[in-house]
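Some structures are shown below for you to check.
After this come two complexes, each holding subunit A, first together with subunit B and then together with subunit C.
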Partner chain A sequence: MTSLAQGKNASPRLKSGLAIAKQRFVNSVTIPLLLYESLAIFVLGWAFVLMFFEYSPGRLGGPILGLGGSNPFVGLGHFIEMVSGNSVRAVLFRTSLRNTLIFAFAVLPLNLLITLPLAWLLEMVSRYKTLYRTIYFMPVLTSSVGVALIWMSMYDPQAGWLNAILRALGGKPVAWLSDPRAGFAGVSIAMWAVILAYLWQDYGYNMVIFIAALQGVPQELKEAAMIDGASSWQIFTRVTIPLIQPTLLFVCVMTMLSSFQVFDIIQVMTNGGPNNRTEVLLLDIYKNAFRYQSMGWAAAEAFVLFLVVMIVTVIQMRVLRTRWEY
Partner chain B sequence: MKKQVWFVMALAVVLLAACGGSKTATSEPATSEPATPAPAGEATAAPGGGEKTVLRMWVHTNNAFNAGYEALIAAYEAAHPDVDIQLENFEYGLYIQTLQTAMPAGEEADILQLFGTWVAQYHERLAPVPPEVMTVEQARQTFYAAPIGGYIVDGVLYGMPQEFNCEYGGVLVNKTKFEAAGLTYPPQWKTMDDVLADALKLVQKDESGMMSVAGFDFVAADPISASFLAGIKQRGGDYWNADHTGFTFNTPEARAQLQWMVDAVKAGVVDPVVFNDSTNFVIDAFFQGKVGIGYIGSWAIALGKTNYPDFADEWDYFILPPIQGDTPVFVADSGWGLTVSPHSKHQDIAWDFVKFVTADVKNATQWNITSGTIPAMPAVAESPEIAAAEPWVAKMLPMLPYGQYLGNMPDRDRVMYEIIYPHILNALQGVETVDQAIEAIDTEANSTFQ
Partner chain C sequence: MSATYAFLPLARRYRRYRRHFQQGLVYLLLTAGLSFTLLPFLMMIFSSFKTNTEALRVPPTFWPQHFTLENYIKILNDPKLPLLKFYLNSTFVAVFNVCTTLLTSSLVGYLFAKYEFRGKRLLFGWFLTTMMIPAQITMIPSYLILARLHLINSLWGLVIFSAVDAFGIFMMRQFCETLPNELMDAARIDGASEWQIYWQIVLPQLGAPLATLGILGFMANWNAYLWPMIVLQKIEVRTLPVILTWFNSTHTGQPAVVMAATVLIVMPILIVFMFFQRWIVQGFTMTGFK
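On to the complex of A and B.
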């Protein structure tokens, strides 16, 4: 009986046989996956082509894949319109891009502010650690639609408990999701309300990742800092944070990516309202593609979203990269 | 060597599966009769030994509608034992996506349910109605002007309507609240001022001053658009230019209608921040006891009964008086109806079935009663069966002939839901002035022609 564990002492003939077997295994896994991936590449390629056309699936268009004719070639026209156009869709694109950036750049720091200290605190807890982790992680397992409905009931202007608290404190109730005039720090209340709901659903995921990272920080480094007279806060900021920087990078990139792709929770809670205050790019892309049948325009918007996400990710990777290991 | 042969065979299976997967790439229907429907027009063995011609029919998921279709399919198949019509239904959003992916690929079903106003956008991918089935003139005589209007594009008929999609003029009225407020019931409204007067007495606010019951909730997208366009017409204006190549929203009539709405809000019949499309949508709010008079199409009746079976208040559906003058001119979309794919191998049978369902008075009556919709045919709307089953239709009968087709807009949904409704809502909420809203509607709506 030969096993892979014996490979180190095996004869060259056996090694060669193992190599062939490995190669076959790799081929049998990767080739079907490549075929599977090629379907996605075809779809992406089609989207890439579409963004240069004023394409609507309802129109016959030209003889080749319906391109041309009543689905005319517009070149970079969509992108020029996005930047300088005054059409409804161009204005809405700029609004939704702005809202998406607000959403993503608000969610990331707020998420880190919640998850990192919480993970640190949980790491110090000695009893019921698993229970706490389970409780905090549960919203992640809940469907976005369910989360949206829960928060909508809390935000209900008449029966929601947020307004009930405000009333009890003698304050004036707020139409959290439907008042376009109400705002805070230059951002509409509806956007803050959606951000809060999104954070509630999402923070458990990053918290678990941070807990894993904190568990990997060598205890002796913290003890050495303590012997040198560092306070808990100094240990956290000067020792722990630098050591978990690769995890921080991962969390920042993933949180930013998912924030740029936010869709379902906003669609259910506000559908982009009030007065487009929560209209984000993915929602706008969806509406243009499937409600207004402007597939070409939607494809161009998707390409812009891809570029924005790529640029932000590259910047994050440059800023947060580490040049050392421990 | 054997392993390599096996590997190549496995790859071939994967490739074949990938190539053959295009039929399911458009998502499976939510519920379909057979798990694997036969391709359009394919002949299959009939129980009696003969061959059946199989036709597929796509509809969106609406239990009441589809119960009506199933009964008529059974009746048609009984009369035509050699035909098998397979009904496949899709959730509304998925249906639109499926149409958009299947039609360019030529893989749509033989018979397609379409909303009439969509026909102008899809007509290049639809089969015209053969003259021997029905001519344009016959269609105009058979159906009301509003529902048939959408099915005629550039003088060509592309399908037949089944319902009159009337969003104008109908309101849900809460009898319990009327009586509690000491108001006359049933309401005896002669003018819209009478409606507003009643509405003001129905309004309730909580201790913090927030409106808890709206007197007259007209702040949803469809009623706002419908009453805005009807108001323009009833004031003698029009939102189309002479040759229908542009909109004319920046008019005194449009401004006057919007001002009327703003004044109604200022009078206090509804708070548009608390009652609108996204918060306290009129149907939900009405059947939760938060609305006295709720402006909505009669389709809401069946929906309310289904979704709120335990609603204890007594209520009914009434017709509003004209906004201006004595003539209730209004515009309406073309409602749901049936069309045929140009790729169907049996268009003759498909059209025969479509005519059987939509243009036969008995069958159309049965479908309208089952689906709870307003008939597209005057002959059906005026029938005693409809009067008995849908009493609100009898109330609407004097109004229906005044309905005009909305007109083929280049981007109807965008104009209605992203231009007219948001700007009017802004004006009602005080975010824009009437002038700003009207000018924005005019500019933005005309930009959809570019």
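On to the complex of A and C.
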């Protein structure tokens, strides 16, 4: 009894002591964190301000962050120039925006056409599953520079394998990465070449995610459909696909996000050529900011890329979410 | 085989034939995909053992006709290419960044999961927002800051903006929420300080998610290209992917040597993957993060 009474007496003091200790712990984590995050906010704010200036780090500007003076304020000038300007950089921006959209909208359906059936097939077999999965996943972990170099040697106009196959079939060799006129379906052949290399590197990733989703589909539902006389194709389209809809949404959004930000493979393989046929937004941003030192313009371009990514993501979420209501 | 089928009624025999045929077709398709995945790798490896004249031959050979190690010897003896130094550069950046993000992610994630404090929701909302902002938005001002701090061409420049990872914090919060409160309370009754609870009680519980986050972070850092290329402009401080493109541009017309360099830079990580493949694949599916 005495101990209970003691406990009762002691509890407010103990609690407040504990509360103080907890508060001290919280403070010692959050204060450095807030300092670090204020740096992040500062960086973000700087990025936002930069796009309203004609800023180049080589010029001596005003006192605050080098803005003003010989780095003049242009307001929305960059965006107006992007839409209606005839300057070289404005035309190149529009080309790179179009190329980025072509790239992303070609990659997404092609990727799904490869990864979803592959995952489905892999789920049907009983042996060597891990072996298949491991090998399919290898390109994902390969540095994109390595991937680009491997594919560049495949695309080599003389000693490359693709032209060797073409010649063996009696076709004419193609300059895959350097012929601006050659094209297929209205898109230049160089663009298709980088798309193929990108797909090769990327499909293992989505496949593994689809495998995990397919394993989550309850076996009873498939069996029930089979008893009702559904073919395996019907089971796939009517039972499996609706059940993995959330994964499908996730994969679509992530694939789009990463293909809008494609850089490594294209920079190494073509550096935007031939004749700007593969110039994509991030590559254009990189060149403007770090080669031509035109950082205000590049910051405005980066903001456009961000907006495009946001808009496409929101649209995808709308379209795919309404489907999983029922 | 046919003897067993003979006893079955015709319809069932047909169905079994069909199933075998289907399985065979599935394996065939999967193996076709497998070859498509594997052939570029094999081509890279075989080319690296060819002489340069053979690598340039039209039509190309698949197997090296004159197996040679000269490309590897040339790279490893090249005084302008201290490969060991570049490996150390890449390892330093990857290990340092992984360690700091694991530490901050587990600590802040634990804080968000198990403590109540003012402004918690606001701070967490801020982290979720920063997860959505792509790195190329902040790339330019980050570079300008590094330039002012004289950290261009320094490996520290690759480190200072990577100490806090919003995604890691988010993931660790999810895991810490599953830990029972009794665990920490028992330690408090035993007189442990809050830091001791984090270090000795919570951290050991987070082994699996920390390993996942660590492996994925290592891969991402090891293969990073754009940001290291911007920050590391001098050759001797570069990381492996950046050095590989530089090597390629200085060895045009020598595909065998370039392929050997690619093998030396690409293969180590793939061999590591062979050992940890189950964990890595699980990690990728669990987090959906690249």
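Here, the second predicted complex is superposed on the first by the 282 of 326 C-alpha atoms of A that agree within 3 Å, B and C clash if a C-alpha of one lies under 4 Å from a C-alpha of the other, contacts with A are read in each partner's own complex, and residues count from 1 in each chain.
FYI, a contact is a pair of C-beta atoms (placed from the backbone, for glycine too) under 8 Å apart; a residue touches a chain by one contact, two chains touch by 3 or more.
Owing to the predicted nature of the structure, the values given are computational and were not obtained by experimental measurement.
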### Query
Put the two structures on top of each other at subunit A: do subunit B and subunit C fit, or clash?
clash
### Query
Which of the two partners, first being subunit B and second being subunit C, lies in contact with A:F290: first, second, both, or neither?
both
### Message
Contact-wise, after the overlay, does A:G273 reach subunit B, subunit C, both or neither (first, second, both, neither)?
### Response
first
#### Entry: Touching partner for A:P218 - first (subunit B), second (subunit C), both, neither
neither
### Query
Can A:P109 be said to touch subunit B (first), subunit C (second), both, or neither?
neither
### Message
Looking at A:P139 after the superposition, I want to know if it touches subunit B, subunit C, both of them or none. Which is it: first, second, both, neither?
### Response
second
### Message
For A:P242, using the defined touch cut-off, is the partner it touches subunit B, subunit C, both, or neither? Pick first, second, both or neither.
### Response
neither
### Task
Considering only the touch criterion stated at the top, classify A:G75 as touching first (subunit B), second (subunit C), both, or neither.
neither
### Task
May I ask you to decide whether A:W200 touches subunit B, subunit C, both, or neither, giving the answer as first, second, both or neither?
second
### Query
Per the overlay, which chain contacts more subunit A residues, subunit B or subunit C?
C
### Query
Who does A:L122 touch here: subunit B (first), subunit C (second), both, or neither?
second
### Task
Indicate the residue numbers of subunit A shared between its subunit B interface and its subunit C interface, in ascending order.
24, 57, 156, 158, 167, 290, 295
### Contact set on subunit A toward subunit B in their complex
24, 27-28, 31-32, 35, 39, 56-60, 66, 70, 86-89, 92, 156-158, 163, 167, 172-173, 175, 177-181, 270-271, 273-276, 290-293, 295
### Message
Under the stated contact criterion, what part of subunit A meets subunit C in this complex?
### Response
18, 21-26, 29-30, 33-34, 36-37, 40, 43-44, 46-47, 50, 57, 65, 114, 118, 121-122, 124-125, 130, 132-146, 149-151, 153-154, 156, 158-161, 164, 167-168, 200, 204-205, 208-209, 211-212, 250, 254, 257-258, 261, 263-264, 267-268, 282, 285-286, 289-290, 295, 298-299, 302-303, 305-306, 309-310
### Summary
subunit B contacts subunit A in the complex at 3, 7, 10-11, 14-15, 18, 93, 96-97, 99-101, 103-104, 118, 121-122, 124-125, 206-210, 212, 273-274, 276-280, 290, 411, 413-414, 418-419, 422, 425-426, 429-431, 443-444, 447-448, 450
### Message
Quick check on the complex: what are the subunit C residues that touch subunit A?
### Response
22-23, 26-27, 29-30, 33-34, 36-38, 40-41, 43-44, 47, 55-60, 104, 107-108, 111, 115, 117, 123, 126, 130, 132-134, 136-145, 147, 161, 163-164, 188, 193-195, 198, 219, 222-223, 225-226, 230, 240-242, 244-245, 248, 255, 258-259, 262, 265-266, 269-270, 273-274, 277-278, 280-281, 284-285, 288, 290
